[in-house]
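Got some structures for you, see below.
The same chain A turns up in both complexes below, where it pairs with chain B and then with chain C.
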Partner chain A sequence: MSLDATYTREIPLVEGRTSFKEIDDVIAKPTETKPSIKWFIAIGISSTALLIGAVCLGLTFWYGVGLWGNNQPVGWAFDIINFVFWIGIGHAGTLISAILFLFRQKWRTGIARFAEGMTIFAVMTAGIFPAIHTGRPWLDGYLVPYPNQHGLWVNFTSPLLWDVFAVSTYFTVSFVFWYIGLIPDFATLRDRTTSGIKKAIYTALSLGWRGSNRHWQHYERVYLILAGLSTPLVLSVHTIVSFDFAVSVIPGWHTTIFPPYFVAGAIFSGFGMVSTVLIIVRKVFDMEHIITINTLDKMNKILLATGTMVGYAYAMEFFIAWYSGNPIEQFTFINRAFGPYSWAYWIMFSCNVFFPQLFWFKKIRRNIPITFVLVLLVNVGMWFERYVIIVTSLTRDYLPSSWGMYFPTMYDFGILLGSFGLFFTLVLLFAKTMPVVAMSEVKAVTEGAQPKHKHE
Partner chain B sequence: MIGKILKKFDDRFLKSEPRTGDLYAVAALFDTPDEIIHAAEKVSGSGYKRFDVLTPYPVHGMDGAMNLKPSNIGWVGLIAGMSGTSLAFLMIWWMVGVNYPNIFGGKPFFNLPASIPIMFELTVLLSALTLAGSLIAIYMKLPSNANPLMDTEFIKRVTSDKFGIYIEAKDPKFNKDEVEAMFKQLGSSSVSFIHEAVYEVGDTKNPLLNTKFLGALIGSSVITVVITYLVLNVLLFLPPFNWMHYQAKVLPQSESKFFKDGWSMRRPVEGTVARGFIPYEFAGMPDSMVVPTPNPLPVNQKVLDLGKKRYDTYCSPCHGFYGKGDSRLRGQFPVPPTLHSEKVMNWKDANIYHVITNGQNTMPSYASSISRDDRWAIIHYLRVLQRSQNAPDSDLEIK
Partner chain C sequence: MQQPIIAPLYNTRQKEALLLGWKDNKEVNETIYRDYLASNWEKALYPAMGAAAPFKKFWNSALHDGVVFLNEKPEAAATAFSADAFASAPKMKSSNDFAVLLQGNNTVGDGRFASNGWLQELPNPISKIVWDNYAAISVQSAADLGLNTNDTVDITIGSKKQTFPVYINPGMADKTIEISLGYGRTAAGAIGTGVGVNANVLIAKNPGLTERFYNNASVSAAGGKYELATTQEHYPIDSDPLLKEIQFRRGIIRQGTVDEYKKNPKFIKEAGHKMDLQPINTPPVYDREGFTGYKWGMAIDLNKCTGCGACVTACNVENNIPIVGKDQVIANREMMWMRIDRYYYGTPDSPSVNFQPMLCQHCDYAPCENVCPVAATTHSEDGLNGMAYNRCVGTRYCSNNCPYKVRRFNYFDYRDRVGDGIQYAEPLNLMANPEVTVRSRGVMEKCTFCVQRIMKERQDAIQEGRGVIGANVKTACQEACPAYAIEFGNINDKESTIAKYREHDLGYSVLEEIKVMPNVTYMAKLRNIYEPLNIGEKKDHGKDEKKTEEHK
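And then the complex of A and B:
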């Protein structure tokens, strides 16, 4: 056995022999110091985008959804595209925090907290879209089954109602999972801070956590069970989102491949967004040795795997369309690739399938600028995937007499911009006020953190 | 200025003074995980019960070293999850299968496959929330900011980079000097004595009593209340939220702008007869012209109940509940004579019907408000009233 030692040795998760104190110092720094000018520029840009979105939304409330490009035959457009896009972004956070936790992938510790936060913000952003899609969002209370004076109940056989339950459960459980993870770190911040108001806030949030092993014992068990619950939950959420399409009879939507295809796409797009944000954050907050290049390397491998899965789904859709012998289905897919929206299709295909294949090369996986460009392309590609699925199927369905093109308006773009503004504003506020890396988890995986005489 | 006042307040209430209360525990800090595991084994092995190990992260093997039983919180999650499944099942089954059955796509009212997604979601939701809630409140007994360990140098290290162990003074085996010696012998880097805080005004050191924090809490709750009130009571009645309130229809008591005569409803064609309102053949004629026809309704409980209902609604305001002319209108309208007079008692049903339909003296016609059958039912009921209010003594005789 003459294996090269570098293949068998575990790469340290935290670079260098960092002491616990140094970990705390680095991670708590943004919460303890005045933000840099870079941070103010960033939040200025993101809140401007948010404001533009809010104005477009206000105008939409005033004049009605007629301001949008949605019209027969395309009743679902930017609103639903953005909803599916943002929900998908959220999935990576749960994958990193729950599924990789169950698989004992310790490299997740550096990015888990951030990814969980992004999940929550992405689901919040996503939740806006179905609400405004109803046209009169102040009547959305009707989506919930509650005893009312009309004597009505909601339609439990509709995938749109399943969505209501899935998304709200997903948000609640992600939030609980996130908060449970934050308690020990809030306690650390509570015991570090010297400012009275911060002390009060962290005292309230940390609930008097002491790091007692009698607590850790139950805490770890609950964390494990919550990870176990979140794993099927995250798979169910995008499955149910895909049911919104698959349960209908529109050509190109009514297929059984949709649930796995959507879940793979969601994780793919989510990792794209997590990488995008992390590359910036580790630079801005000097966390290069906690969010290491090895972590980014591993994330790029997941991007490669999920991107290839998505590519397989694209190919399989074409194969099944041909194999089914259904001429309408066949037309739909030829129309997607070569019809009036072929530009969108090829943007999607190249960004999601061709470019991520570059991650086969180790040099590219470990090259930050190239990775950054590629993950941005993934974000673009996954947005266009939803555009292609929704718009091409709706513009040309069974009856050629009812075909029509879809043209978004400036309000559609404004609200899309606003959704990015909301997401990044929340991310920036989070990075400023809370520990963006799970201190207690990172400490537990540094070298020498666990007793030597006990084997793992 | 305001800052100075707040500072003064904070100084008064948040003074940090050395704690003078009883000894709560002896605590020791260790530098490495191996040392703390060793110390925990030693302490639990020596028979101490009220001790605890505080670490910045969970240390592997500590449960065994402390001799703790495995956590049973998993059962809480299981039971809560199963309740979620069955509650969701029952909820959907009752709502769409029993209370509000509707046909969607020709499927059964309640169908299981379509209910599975929501059953699954509620399983996860209930399980996760119960787990988190019971973990915090029952298993960890948090929040507990009053613990004497709070705000000591000891806890400031164990939430950051050191490993701590402490033995409470309440432990039956506790002896201050013995414990201190044991910790020193185990190689502790620092041993400290933790005292209970004495709670007196000006001596409490509760970080939650920070004025800025309390101010922010009160401020945000007031703002939330005000905004909620304004949204629910003002905003939703402003445009565009009230646009559904304005519809192209004529409201009661308002003039039609569409028709010249200002009426929004059109008059029916001449000679139209409404259902149940066939014109009365003796309309406008004197009483003597009426050809007595018998009451077409049978006398039974149903008819009498209907008659009572209509009588109480339409007749009793003036005639009184017992027909004695005891008006309920307190003299605002002329009081009619009693219905128990010789004249009315001897009248044929058709005569009473004639009066109701035609009106008499100041009594208007009730033809448009009481239907024909109801009028006949009222007459039956009136006969009951007359009989019951004028009961002869012979009713008391045993037959």
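And then the complex of A and C:
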């Protein structure tokens, strides 16, 4: 690792002068070899978690959402916390692949594919929660505006309905974007594999890609257009999710700062989760020279920036509560920080605002174990942010007579565990069957891949 | 005199008719006892009454009234109060002893109604505790004994001993414990068996005093825990300045003294503008059309409300509201559409209480309506906030966004869940009001202003070719209120009682600052005391003083 890089020369994005074949070999290796015992242990754990979640969910379907801790006044709790949490996680992928692509941030290439994959899986995980949180999940179809003989129509003034459109649009566009990016790599895998079944699958998935000039031209164009289409979605999805709260009349929810605050928090949590998983993946798959420490350093800088933005939002909420002169609003925020749920508030505050400040130090940004701990804390903190917003605001709203505490049950924890199980099971299957790094893109940013000009 | 309220459900016979049949060796049928009674009245009572009306008419009016007055005497003149009535009251046996008062319960009585789930789940007016009795103790005595609410306590009177859960009740006299009888029954059906603790075991011969009051009880902490279920959070009186008397600062409860009212009848409305929270005069986001015909509204007079809960029970019965059981009340999931909020103020030793019946406010700009993704809760042209149960998916968003938190969610199929499905089984299933849908699991529900009664009046009006008359509709809670504290009707009819209530100087609506335009008007409470309460005006004292200085 060259820390002595001068400012006249960019730090190489891929370390060492790796040949194209070496890149293919490293990245395609997990898809071509038998899974290791470690992988089986990992998927054993994640699918067990998934199974626990599935059992809890099955019981919930059978007996009713009463198995959860939700009550009057806390109508939403773990269900919507998990939804917002996972949607937030799903924000890093599109940001990395779309916005950073448009800004020509080449360091994204090493992590883009994985982050996009995580986006897809996080949105899939998130999408489960609005569907299962309803009292009568078998009637969820009512949320879709379809012509019917009852003459019933959905209510377009409800932010929950906007969610349906926002999340499904986001999922569709992210999925298409991810798939388009995968086509050249599927073709590479198709060409490399010797197994007949794999060949058939990769042939179908690569849509007849031959790598011709014409193909590349169309591909680059589509990729750019999709990046342009996805960019506003990065900002819009969590804006709309934040409307679930901002459009209400409940103190602590009814806040105009929510859209930017939620978007910053989503990117923050997304990067936190991407870092968490990548730190493991680059180690396990020997990709430390492709997903370099410089990339992690840059991601930590984004974490620092978004974490500080989130901290600003926390402070601004308090300021506005005071500045508004509205005593109910003021009460809500004092209650958040010092009331019965202050422990959750301070977990959130320290994990999201205090600890990421350590990333000001270059040594910490480039220290993998410390980074790993800090990004784990970011995941915890961002989950608690949603807990604080949803639960503490609902437990004590306008009429003190209707105040009530919230206590989660084992089913709540089981389903939360199950959501992690689903996410990591999908991630592990992805890592075993598809190239986790964009081979074609990495090749373009290796040393020596660019056209040479006159040597100075 | 009583009339039967229901035809015999099964092939049964009246006990009195049986006796008559055996006595006179007659065929037993449904009318013989009534005939016997009527002929007795005709012979024995009717002549003595000297009534001008024929017997048939007299009989019918007696049946209607339930009572006849015979040889009424003028009221006796008031006698002087004898102060020495207290002289012989026995003193406490020793200074360590507690006084124990055993009382019939305000819901289950002496236990005879213990198998009635609605009564078991009707909150105590003060403690808001359901499904249990408890030893109510003063704040000071509890501190002396190191007790907290939900601890258990051993109460020993002579040789009798029983363990009770503790509830710290502000305003109780020190060294006094009050316990409800009627609990701890061992054979009271699926609902009543094993609910609470049997306090009858403490009853003993008590020379010089009634068997309901003992002056020689010893009380000690039993060291156990027992969870009491309450429908309102436990903060009886808060010393925390953030929470203390928050009901006044938020304008939820407004009250004053009679003197203040006499001086300035509009003082409540003016004080409203002096509170911390100011109504924001911004135009609404969208226009609410119409309400040009009749529009329903309710007024609740807080001066008349005693917090008894009769309205809550009436609402439960009218609207097929299930009981949920103690565990679900602990989980904050009671289903009652109407609740009586209790707010304390003052000190723990001598608190005052305000009661406030709280129900769906049928807001003109109902925040629940715009957030429902499937439009399951919508507004009607006559000002009702309606619920289409069939359409409800159960997102609970409406409940979250309700500032009054009056919506209720069926987290389970409660009818099936409580007491082995007793609410579905014969004969309790016959209890359901056929005019009201029984709600399933996963559906939101709330007060409808007894829409079924409104529909009945509308049908009558159509049939009779007239307009809808607001005063013809009486909601279940209104009918049940013994103090006539609830008024209901068409607020667009300016001559109606309800319209007058709404325009009354004491009228206010709860949380009017957030501009949801509720349609329940509360009459501020006037207290007949001399000290002005000055509630909600603290902030303006400084300003007023300055003004008077300037005048000087």
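Observations on the model:
Everything that follows uses one rule, which is that the second predicted complex is superposed on the first by the 447 of 456 C-alpha atoms of A that agree within 3 Å, B and C clash if a C-alpha of one lies under 4 Å from a C-alpha of the other, contacts with A are read in each partner's own complex, and residues count from 1 in each chain.
Rule of thumb we're sticking to: a residue touches a chain if its C-beta (ideal position, glycine included) is under 8 Å from a C-beta of that chain, and two chains touch if they have at least 3 such contacts.
What you see is a predicted model, and the numbers here were worked out from it, not measured in a lab.
Legend: residue contacts after superposition of the two complexes on their common chain; A:200 is shown touching chain B, with no touch to chain C. Legend: residue contacts after superposition of the two complexes on their common chain; A:151 is shown touching chain B, with no touch to chain C.
By the document's definition of touching, of the two partners only chain C reaches A:66; chain B does not. Of the two partner chains placed by superposition, A:37 touches none, neither chain B nor chain C. Once the two complexes are overlaid on the shared chain, A:166 sits against chain B while remaining clear of chain C.
In the superposition on chain A, the chain among chain B and chain C reaching more residues of chain A is B.
Put simply, chain A uses residues 63-64, 152-155, 157-159, 161 to touch chain B in one complex and chain C in the other.
Across the complex, chain C meets chain A through its residues 232-233, 235, 242-243, 246-247, 249-250, 252, 276-277, 328, 331-334, 339, 341-343, 356, 358, 367, 370-375, 391-397, 399-401, 403-413, 440-444, 510-511, 514, 516. Chain A makes touch with chain C in their complex at residues 63-66, 69-76, 130, 133-136, 139-140, 142-143, 152-155, 157-161, 164, 244, 247-250, 326-328, 331, 334-335, 394, 397-405, 407. Chain A makes touch with chain B in their complex at residues 19-21, 24, 61-64, 138, 145, 151-159, 161-162, 165-166, 169, 172-173, 176-177, 179-180, 184, 187-188, 190-192, 196-197, 199-201, 203-204, 207-222, 225-226, 229-230, 232-233, 236, 240, 243, 439-441, 443-444, 448-454, 456. Chain contact summary for the complex, chain B toward chain A: residues 10, 14, 32-34, 37, 40, 52-63, 66, 68, 71, 73-74, 77, 81, 91-92, 95-96, 99-100, 102, 104-105, 107, 111, 114-115, 117-118, 120-122, 124-125, 127-129, 131-132, 135-136, 139-140, 142-147, 149-150, 155-156, 158-161, 207-210, 212-214, 216, 236, 239-241.
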